[in-house]
Amino acid sequence: MPMADWLRGGRNRDKVRDDAAQWVKCPSCGEVLYRPDLSANLDVCARCSHHFRMRAHDRILSLVDGDFEEIARDILPADPLAWTDKKSYPQKLADDAEKSGMDEAVLCGFGSIGGYDVALGVMDFHFRGGTMGSVVGERLTRLIEAATLRRLPCTIFTASGGARMEEGMLALMQMAKTTAAVLRLKASGEPFITVLTDPTTGGVSASFAFQADVILAERNAMIGFAGRRVIEQTIRQRLPDRFQTAEFLLERGHIDGVVERANLKPTLERILGYARAGRERRKRAELSA
Amino acid sequence: MPMADWLRGGRNRDKVRDDAAQWVKCPSCGEVLYRPDLSANLDVCARCSHHFRMRAHDRILSLVDGDFEEIARDILPADPLAWTDKKSYPQKLADDAEKSGMDEAVLCGFGSIGGYDVALGVMDFHFRGGTMGSVVGERLTRLIEAATLRRLPCTIFTASGGARMEEGMLALMQMAKTTAAVLRLKASGEPFITVLTDPTTGGVSASFAFQADVILAERNAMIGFAGRRVIEQTIRQRLPDRFQTAEFLLERGHIDGVVERANLKPTLERILGYARAGRERRKRAELSA
Amino acid sequence: MNPLLEREKGLLELERRIEDLRSASEGKRIDMSAEIASLESKYRQLLAELFGSLTPWEKVHMARHPRRPTALDYIAGFDAFDELHGDRMFRDDPAIVGGFARLGGHSIVAIGQQRGRDMKENLARNFGMSTPEGYRKGERLAQLAERFNLPLVTFVDTKGADPGILSEEHAQSEAIASSLEVFAGLKVPTLCVVIGEGGSGGALALAIADRVIMLEHSVYSVASPEGCAAILWGDASKADEAAAHLKLTAADLRGFGIADEVIPEPLGGAHRDPEGTVTRVLDRVGALLDILETYSLRELLDARYEKYRHLGSWRDAVAGSDGAT
Amino acid sequence: MNPLLEREKGLLELERRIEDLRSASEGKRIDMSAEIASLESKYRQLLAELFGSLTPWEKVHMARHPRRPTALDYIAGFDAFDELHGDRMFRDDPAIVGGFARLGGHSIVAIGQQRGRDMKENLARNFGMSTPEGYRKGERLAQLAERFNLPLVTFVDTKGADPGILSEEHAQSEAIASSLEVFAGLKVPTLCVVIGEGGSGGALALAIADRVIMLEHSVYSVASPEGCAAILWGDASKADEAAAHLKLTAADLRGFGIADEVIPEPLGGAHRDPEGTVTRVLDRVGALLDILETYSLRELLDARYEKYRHLGSWRDAVAGSDGAT
């Protein structure tokens, strides 16, 4: 899909945002920021470097060189459990679509980053808290399978509150489905890279997020299996602020690195560069065999 | 080699022992034990179940059904570093050979245990503290390679104070050599089983001992990387008695099980039974393919 | 306390009276058979009343019943079992048990999630909630099955993965993620039996398999009903409502194609006839292993991929059709 | 304190005087070249006297010299380095550093054992002695090299594996044993540089490689001389004697066929010309990678096996001949 058309999707979403205030207060330092400035700074507070949760469209625009070939965009949520509590599940989906400009919690497709072709999936916390239901699982699985077929490295940005309750066990099974696809990608020799953004928990952290060859995290992102509140209820005491932050996980050896958003694109480019070097070694070996 | 001839080697050694006292005091409970009774009880104290360190010949006799086809017995120690301190290295070797009835710290060969053919290596602490030099490494490597070739599971009983100082770096390299052989055994699909006996430390614990698919240990055996004294010197305090015992390692998840010597043969037979079942599955798959 | 225990009190009282009459009639050679028959009929009637149809939330309690057979009860039914321990690094998590086993003509590796059968064992086994070390132990034993070329059978019974500080510090996410990878790619036939509660990712870590079977009153859920109610409505006491929403019964799971079959339980639950239940389950496990052994490894792995590949439910906006399942 | 520091005092004094004369002659435009030349000649003479021939024990001190270039100094010489962290489970051991790197036309994964360059860093990095988490980190990065299909370069510099209680509790033996397995079978070209002290199994864990090169004054030993003296003679103070016995110099190792080549150091040791040493080492690493890249994977793995297969020295009682090496 040409970037211009694709941007229009973004602009529609921007219109939604136009109605909201053009000023936003930094939850970390209290600074009042002008939204266009904040966007230009990759949604990072200019004063304290607080990383706001980024929208999937903005993330992709901040990374890819030119066009982004979106895939699986026609895969849309159903209502397998006919779920209704305060609202029906379809209503919740419609409301979130209205608010977020997304039709599900992930965007998947192909693009190039610094000249390196890559399969790219980006989750968005603004749609249903980034929860993984059938559509997230299916889109990501199609992405990973296509990366395997096209022999491209795959990069996924995670942001998720876990599995989506309203799809019950079908949501949980997306962990198994994506895992199976990751396994085939790895068997094909293509590298798998994840970038964990705030927050990454539950069924997403306990599946593809931590199955990658290289796992990066954005500074101060909250990452864990159990939610903070669940643990606090279990142990009946408050957890230290640093618990489950990206920096905490780095010390504990869980992840490869913590990256400032401004450094993310160049960091990914370098890693994709190493991946390409490895691929070229393989090609040379295949040629001489 | 027919068992009768092989036993004679054992008997020569027994003659050496005949000169020694026929009574031995249990270091654990203080009971004075009649040596033939002790031998008949697999060198286990009848009163407190203390496991005496077993000689390699006795171990093999306690395990194999009939004949034991010893291999690599002609591989004998050299003196690559021309080592001499209080004694020359060749003199140390000769003295230990005299005392122990062994010509090196391991016996390797093929036999069957409860009807299951197996490659069997047994280390003996009575020769140079079971230290691994070139001969231990070479004999074990030949055993593991032969197991790979004959498609048999391989079982090694470890007992070692670590690498043999008097062979310097050539001793250390036996860790690499045996590792490479273990890797090929595993690639061939044959199971590798170790039984750690008292003591198993240093270069042996940090190589093939802990590379096995199934790792058993004899009760109360001392097992670790660093020696107890080294650690005590480092931390300047006494370690608890249980530290580095087989039971301690079991709790810590390092080993699959702790076995009483009397149960060792039946336990090994059952594990070899599972191995045979797996091999038969493979054969059936190969046939139907 | 499990509310089913309260409900079972009348039954237990009847059981006692029948037993008393029996021994009285035996000892004194007085014929009480009419009275006994009458009580037995009452008992059956009560049983049907109490347990004839269970709500999802009642099924959750059945799955958690303190006298329900646990993994080790099934393992005790094998013809042989040789337990193996540890993750090779840090700990032997008692919430996961496993080892070599024999079942009829099959040599296998078995792994089970083990909760306690009393409070003491529950504390020792952390109520069946695994730490990362437990999942790493399970992963290691699964890989051992591959090394020995033996089929793998798992018994799933957990509220979920341990949600403690240490488990987070030891990378619970990584442990489960890695276990999923190993199970998805394991080069031997795999079979999973959900015997009690299948709680979320903590259950799934041992539940990717060529065949998944569930006991009639076992449940398997994306989150515990309490957790789901807390997440969605900030009120864990609405767990009964959540249980109804979540579609977590064996019949539901069979409908989704997640469970391949359901094994019936005695009226009133597996614990009314533990031996019979264990036998029935293990017989079926043996029969399914027979079937799995007729496939080549390639066929197994392809089928395993396809099975999980198609789980989910979505609309295809262009095709206008609904997605799989 | 390292005894070489004492010995270097005279040299430092001369260096200072030469430097003083130089700046004096520059500033005041007075010709002091004769005096400078005389001092320089004295300096060279002293250098040769002090370091022209080193005993094995002196080489051990040279390998441990606090100003000797460390792994991170070599890594800083790469054209690019992207550090990666952690064992994915418990800890990011700072005694092991590693990541992606570029060296000329080669993209690689580099792993180094990092001791401190001062007391503070030494404490932070546990004097370069790895815990099991460090070896597991190294093993993971080695496997990452295989995943990315990139050659692996390691820098070895450790007194040995950490001998602490926690390391034993976290299965130090298993960590090293497992690392050996991974390095022995790694499906990419591997190259190891012993830059300082190669201490026992703790060094070997990162040192199984297609090519092993040693710096002239680096040492590589089955045990530290202190440890060896303590084990054999119950007296760690006889370390100098043990060092002489152990045959631990680069030249010895070259003789055994364990080191494939030795890279010369400046007179007085690598720290007299750190930049030059780093450049020389990395140039050679690049050249060896060029050579390794001409082999097929099969050839590499076979050669790696054969190399380690033949290390050792024994008599064959029947053949009457001596064993390999």
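Some points to look at:
Order as written gives the chain letters A, B, C and D; numbering starts at 1 within each chain.
In this text, a contact is a pair of C-beta atoms (placed from the backbone, for glycine too) under 8 Å apart; a residue touches a chain by one contact, two chains touch by 3 or more.
Here the structure is a predicted model, which is why all the values come from computation and not from measurement.
When chain centres are defined as mean Cα coordinates, A lies farthest from chain B. Inter-chain spacing, taken between the CA centroids of chain B and chain C, is 41 Å.
The distance from the centre of chain C to the centre of chain D, each centre being the mean of the chain's C-alpha atoms, comes to 54 Å.
Spacing of chain B relative to chain D, judged by their CA centroids, is 33 angstrom. Residue positions of chain B with contacts to 2 or more other chains are 210, 252-254.
Within chain C, the positions touching two or more other chains are listed as 88-90, 169, 171, 174. If each chain is drawn as a node and touching chains are joined, the picture fits none of the line, ring, star or complete shapes.
Going by the touch rule set out above, the chain pairs that meet are A-C, A-D, B-C, B-D, C-D.
Across the complex, chain A meets chain C through its residues 74-78, 80-81, 83, 85-86, 133-135, 137-138, 141, 163-165, 167-177, 179-184, 202-203, 205-211, 223-226, 230-231, 234-235, 239, 243-244, 252-254.
The touching residues of chain C, counted against chain D in their complex, run 88-90, 132, 169-171, 174-175. Against chain A, in their complex, chain D makes its touches with residues 80, 82-93, 100, 106-107, 133, 137, 144, 147-150, 293, 296-297.
Chain contact summary for the complex, chain C toward chain A: residues 161, 163-165, 167-169, 171-174, 176-178, 180-181, 184-185, 200-201, 204-205, 208, 220-223, 227-228, 230-233, 241, 245-248, 252-253, 256, 258, 304-305, 308-309, 311-319, 322-323, 325. Partner chain D is touched in their complex by these residues of chain A: 186, 189, 191, 210, 213-214, 250-257, 267, 270-271, 273-275, 277-279, 281-282, 285, 288-289.
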